[in-house]
Amino acid sequence: MAELSAVVAQTLLAVMLAPGLVGLIRWIKARLQSRRGAPPWQIYFELRKLFAKEIVISRTASWLFRAAPLIVFGTSVVVASLVPLVFIPVAFDRTGDLFAAVYLLLLGTFFLALAGLDTGSAFGGMGSSREMTVVALTEPTVALSIFALALTAGSTNLGVIATRTLADPGMALGPAHVLGFPALFIVALAESGRLPIDNPSTHLELTMIHEAMVLEYSGPYLALIEWASALKFFLLLALAANLFVPWGIAQSLAPLDLLAGFAALTVKMAILAVAVAVLETRVAKLRLFRVPELLSASFVLALLAVMSTMFVR
Amino acid sequence: MTTRGVPLALAVATAGYLAGAVAALLARSSRGARWAAAAGASLGSLAALVLAVQVLVTGAPVDAGIPGLLAVAGGVVVRLDGLGAFFLAIVSIIGLPAAVYGAGYSADETTGHLRSLGFMLNMFLFGMSLVTCAGNVLTFVLGWEVMSLASYFLVMVETGDPETQSAGLWYIAMTHFGLVLLLPMFFLLSSSGGGASFADLRLGAGMLTPAMRNVVFILAVLAFGSKAGVVPLHVWLPRAHPAAPSHVSALMSGVMIKLGIYGLVRVTLDVLGGGVVWWGGLLLAVGSVSALLGVLYALMEHDLKRLLAYHSVENIGIILIGFGAALVLDGYGLRSAALVGFAASLFHTLNHACFKALLFLGAGSVLRQTHTRNMEQMGGLITRMPQTALLFLVGAVAIAALPPLNGFASEWMVFQTLLAGAQIPRPELAVGIPMAVGMLALTSGLAAACFVKAFGVTFLAMPRSERAAQAREAPLSMRAAMALLASACVVLGLGASMTVPVLYRALEGLGGVSPAAAAATPGLWVEGAGRLAYVSPPLLAASLAVVVFLGWLAVRRALGRARLTDTWGCGRIGQTPRMEYTASAFAEPLRRVFAELYRPAEDLTVSTHPESRYFIRSITYTSEVHPWFEAVIYDPIIGGVRRASTEVRRLQGGSAHLYLLYVVAALLGALGWVWWS
Amino acid sequence: MEGIFARLVVLAASGMLLTGLIVLWRKGVPAYIAAFTWQSWLLSGMTAAVGYLGGEPQLYLVAVILLLLKGIALPALLRATDRRFSTRRELLAYVNTETSLIVGGMLVLFAYVLTEPWMAMTKLPTRAALPVAMALLFVSLFIIVSRKKAITQVIGFLMLENSIALLAVVGTYGVPLLVELGVFLDALMGFLVMQIFLYDIHETFETLEVDQLARLKH
Amino acid sequence: MALILLLAPPLVASLSVMLVRGRMRLVAASTVALNALSLSASVWMCGDALWRGRTIVSSDGFWRVDGLSALLALSIATVTLLASAFGPGLGEADEYDEGQARRFRIFVNAFALMMLVAVTTNNVGFMWVTIEATTITSAVVIPLHRTKSSVEASWKYLLICSVGIALAFAGTVLAYFDFVSTAGRVPNALNWTVLRAAAPTLQGELMQLAFAFIVVGYGTKAGLAPMHTWLPDAHSEAPAPLSAMMSGVLLAVAMYAIARWKAVVDVALGSDFASQLLLAAGLLSVAVGAFSLVIQRHYKRMLAYSSVEHIGLVSVGLALGPLGAFAAWLHLVNHAVAKSMAFLLAGRILHRYRTTEIAGVSGLLHVMPWTGRLFAMAILALVGLPPFGLFVSEFLLVRAAIHTGHLWTAAVVLLLVLVAFVSLLGHLNRMLYGAAPVGVAVGESCGWRIAALAGCAAILVVLGVALPWPVTGIIERSVSAVVMP
């Protein structure tokens, strides 16, 4: 019971922190580009404003359009409950593993893409098509990264992986980790629509992917979707952080451990945020048809991660 | 312990199917023929289901038969064990809704057609059931052929057009190709003496040399692979399945091709006993290629039923990945991990049967309302056929392997099997397993993309044609049938952990599977190999439901005040269906990415105004994807046969002298033979 | 006695083979018919001789029937047919005369090779004629295959029958009489039906060139 | 007694048509009745062979009816009855005048008589005489309408088969020569039973030679490749009932002759020379038949080539020991029923569509629903699909091949059968479906002829699904007749 409430609290923490991470990256990027930029917490005001606005819905849209944001948000939150952020759940860990997490995120994307088609707008269709293409092409990398982690841990459950890595720190320097991490990082960028795959801050019709898909959403629905994608991004980075470099995470529910876990998470996420911001400042968006090249590069990394692990053993 | 005598359920099932067949033939009216066929098939499949469940629950095989029939060839012998019962259950679970659906679906057909349709449908179900119950070679082959022949005629029911004829011919040719390999395979197994029951074959297999066992295995892969639709033997599948009436397509895609899997499992695991690593490796490779190519070609289809047919190729591939990986594990002696793989492939077999049948039935409803299979002519059906749309969506989510439905559970188990395979320190596996994982993952990602396209273009946005605009909801019987299958998808997904023990039971006693290894504890969690990984679809579903509900509470008030308006069109007023994204456009990025594979034939015709080439009158763009490997594999064969035929025809040149010369030559040849020997 | 018998038989058989070979280089139906007539007479005479010297009285009957049927009746019918249909005397063959003769020689050689093992098997005085009979069989087959007109094929067929009859007489002193009678009946009926067909062919195709009969193909 | 009942009716029928002028319809009907009588006699013989295990032998040993003879007699009588019932002269509007009808009935009955004698006589010489006579009697009936093609076909048939059968006689003489030179001249030496008893003492080499002549000779008549060339012409040009008899049973009679000789040769040689020869000829026939089916424009020729293929299968079966012989005889019976059914239906199709081209026939199921369905069944039976008898016999054939170790034979046969299968079904599809050609009347009533053909289909189904004991029993006896225990 204690664990359940801890999991719920941890999930809520992720949900609350996620927009902050996006805001933080925006702020760092602005700084790197010598702009003042909005403060990191600006995004919370935006969400609040959106929740207060009215919803405008296309006449051609069906119930699916109305349901999709809820499902997208729901899947992200459920995934948040699976990822060890501050502490590693034990009993609850069995609810879902990495595959479940990935497929849950895919479920959300699936509905969002359908919603993109539902209004009959060419933008929506274009966005859905591109989004599904990118997602489909990232799947092999994701699966192999999971494999790379699972190979050394023997399990795909997140808690188990983190625990094993903690117990055997040498693993973190094994090929699975060294090669798998960049692969997963690229995939995380692709899945959450960051540069160089997609530009979250553009609305230029020919280049946008995710934004095109959600073009018809407004008000609280848009807020849910933005929030969900922020959460997804947060979770992907947290996964990369806590599975490859789990140190600091709490293995019990003792308050001190939890505090240390929270601090470790904050530090790790801040580092990753800086990394993302630096990256996004330095690279330009890839042409859509160059994206598969990047994804195949990440696939090869993941493949090498798995193969070398199997060979080295 | 076996059940002797003819069990009541078996008798009722047989009687149901046969009575349904005859009653349909004798029926006076269209209505009579439809309902007689449906009633017979429903009774038959219900009874068969009872029988299957009985065997699965008690674990005691059922023996029966009429050895006097065709006694020279071995007689008709029925023996239903766990594995057979599992597949019999699949036949019945899909057979029942298909029969009910058919009654409503075929209402527009002429009475004559309906009679043969009803007859053949019942025979089809009967044949498939017989295959699962067969206790010896003859019975198996008889059931197999009844199934093939009946389905062939069912394909040909919607007659006339050359396309259907060609589809039928491809189908029956590939089917017969399978039989041509099936017979020698069985006879090789039985050639070392003894009878031809499966128990005898098991003994016979033990006496074969390893080389012969390999030959048997290869024959089995080709024979059953051609039925299951394994690439490159799948060519009949995208042709025949769309041509059949939709409830028949559901049965063919959902059930019949699974009997190819049944045969493969029966022969490789039960009769041959498994245990050879490269067998598993071959199946793993074949499965991966099938899965990936199946989904890639599905993506390029905008014929809804052909799309679904290609997805059957994909899913058969996934099943074979699971089975192949399990065989590899078995070959290395990792019995309990292998068991998870075998169970995974069986589970996916069952799951695919449910959601593919559901999708075909859904496609049939759409087809019946819009009179087209072309997705580009559909759209907007979600408001016109809301229930069909919802049910189709359930199928789409399930087939895309998204949690918490059943497709996810079985694919998860397949992944876990591969993970267990990766624990074996062998260089060939170090290459093979990651490749299989990558292909499987890519497959499932593409499948999701494909079903976004299939569902989105078919059901969402505005109708793209007049017919689609005037579509109405399907009749109750059809919706009820789909609802049955949709609930099966949900139940199997949420109750996956309850289903897995049943799968172990079905596998009990096959190959090296011991009853002890097969024991599994039903709980909320599905277990991976070695009890290291867990997932709980019901818990995931519950938490998802809670969050969605909370989210709904948050937006409920705003939603109540939502303003309806036109879709934003960059300022342009008036949304038309021509502005919508088409199925081809949707798949365009992936077509470009995989252009090497597709090798599309593109044709762009621009006709300009005579005055100036800047005034364009019309642009026609066509792009077609023809599977080139069909051309590489099948065209030479067909061409070779035709060339051989042309040569042989020259023998019959018309000249009597030539003919007499043949006689003389034959005589001299025979005499020469005598002289030499 | 035995020696004379053997010589006589071999002489007659060789004569029959010679008539077969004559056909290979002669042109014109009448010459074919003449050769066939000679052949039948020789066969009949030899049958009688074997009947006498071998002590098989039933062969006399066979000889008489042979003489009447193949020596007199059939040649007459053939001549009548030929007179009625033949517009062009020159006969066409698929192979020229030289090649025909060479092939004929090879066939005779093959017959000797083939029948060589039998020589040891039997002590019949007539055994030396066995290869000749076999050779005649091959040569008549060659005639049937290589000559173009329907009527020449009929003659070739009749020679084939003669060769088998020769084989039967020299090898076994004749097959049982009942069978022999049946064979005659068949030969007669077959010949008559062939004659009818010659008329039919002439009527429908207006020629007896058999290579015109090539409507049915494949 | 049974023998007289079997043989007399066709003789009487033939003579009565010859002698009685006028009243064609009555005469024709009575010949049908006589044929039915002959059929009942053959059934009686089968029963005799089966239940009493009796082999009917006449006092002089000239006639002999064992299980195999009874089986063949039954097939011949059945197909003859069918052909007779479908033949001209029964009064309904048909395409033949009275003269033609008379010619048909005279010679078809004579033809049947010759075949019946061929399978019931013990004397292999006389068997040869009657088989030669079948050529003559049937060749006369082929050009019932004297067209160029039918005259050509019958001329080729007559010429090629006469030459071929003459070779068979040469083979017979050689075998007799062998017998005479080892055992001396004994009465009834050409009786099969005598030959078989003497077989172990015969000279192997000579028997080999004799058998080569016999296989080529009777093989010509049986339609084994490459001597089959007359077959597609004759079978496609003959009137349908005659085609049915020729394809259905004449080929079978020729195979019967080969099988009888093989029984002698096998013992004399003590080697599998005969089997190898039959295997080679059979495989070649299956190949030629199958490939000729691929590109085929005429449906009657298609059926004829299918006969070549099936006779090839029978030949292969006879080469595969007892198991194979069982399959072969069963196949022969199945083929007799299916092929005569197919040819009779083809005759009906020709009558309606007035073309022999496959391309000219479409929408058959619509135009002639009963004929179309039955034709489909016949073809499905011929390609070896259940629930028809040929499925079982092909099943057994392949089993025999593999169980006797002839793996490559099995592989080749199966692949060739696949080629034939696809081709035949493709042609069938084209005929059954589509729109009816302009000018072809649509609709068909279900008369007694259809009922008779449906009866054939029913027989095929019974043979394919139940294969009751009497059938297997008589075939087992047939096997023991030609295979040494």
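Order as written gives the chain letters A, B, C and D; numbering starts at 1 within each chain.
We take it that a contact is a pair of C-beta atoms (placed from the backbone, for glycine too) under 8 Å apart; a residue touches a chain by one contact, two chains touch by 3 or more.
Nothing here was measured: the structure is a model prediction, and the numbers come from that model.
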item: Contact-graph separation of chain A and chain B, given in steps at minimum; value: 1
item: Interface with more contacting C-beta pairs, comparing B-C to C-D; value: C-D
item: Gap in Å, rounded to a whole number, between the CA centres of chain D and chain A; value: 77
item: Gap in Å, rounded to a whole number, between the CA centres of chain C and chain B; value: 69
item: Centroid spacing, where centroids are CA-atom means, of chain C and chain D in whole angstrom; value: 31
item: Distance between the centres, which are taken as Cα means, of chain D and chain B, whole angstrom; value: 43
item: Two or more partner chains touched - positions in chain C; value: 114, 141, 144, 153, 210, 213-216, 218
item: Overlap residues in chain D, where contacts from two or more other chains coincide; value: 155-156, 159, 163, 205, 209, 232, 292, 295
item: Overlap residues in chain A, where contacts from two or more other chains coincide; value: none
item: Which pairs of chains touch, using the document's own definition; value: A-B, B-C, B-D, C-D
item: Complex contact set, residues of chain B against chain D; value: 69-73, 138, 141-142, 145-146, 149, 156, 159-160, 165, 168-169, 172-173, 176-177, 180-181, 183-184, 187-188, 190-191, 641-642, 644-649, 651-652, 656, 658-660, 662-663, 665-667, 670-671, 673-674, 677
item: Of all residues in chain D, those that touch chain C in their complex; value: 123, 125-126, 128-130, 132-133, 135-136, 139-140, 143, 146-149, 151-156, 158-159, 162-163, 166, 169-170, 172-174, 176-178, 180-181, 185, 188-190, 203, 205-206, 209, 232-233, 236-237, 292, 295-297, 301
item: Interfacial residue positions of chain C with respect to chain D in the complex; value: 114, 117-118, 121-124, 137, 141, 144, 150, 153, 157, 160-161, 163-164, 167-168, 171-173, 175-176, 178-179, 182-183, 185-186, 189-190, 193-194, 196-197, 200-201, 203-205, 210, 213-216, 218
item: In the complex, chain B residues that touch chain C; value: 649, 652-657, 660-661, 664, 667-668, 671, 675
item: Parts of chain B lying in touch with chain A, wherever the complex brings them together; value: 379-380, 382-383, 386, 389, 393, 397, 400-403, 408, 412, 415-416, 418-419, 422-423, 425, 427, 429-431, 433-435, 437-442, 444-446, 448-449, 451-453, 455-457, 460-462, 525, 528, 530, 532-536, 539-540, 543-545, 547-548, 551-552, 554-555, 558-559, 561-569, 575, 577, 579-581, 585-590, 592-593
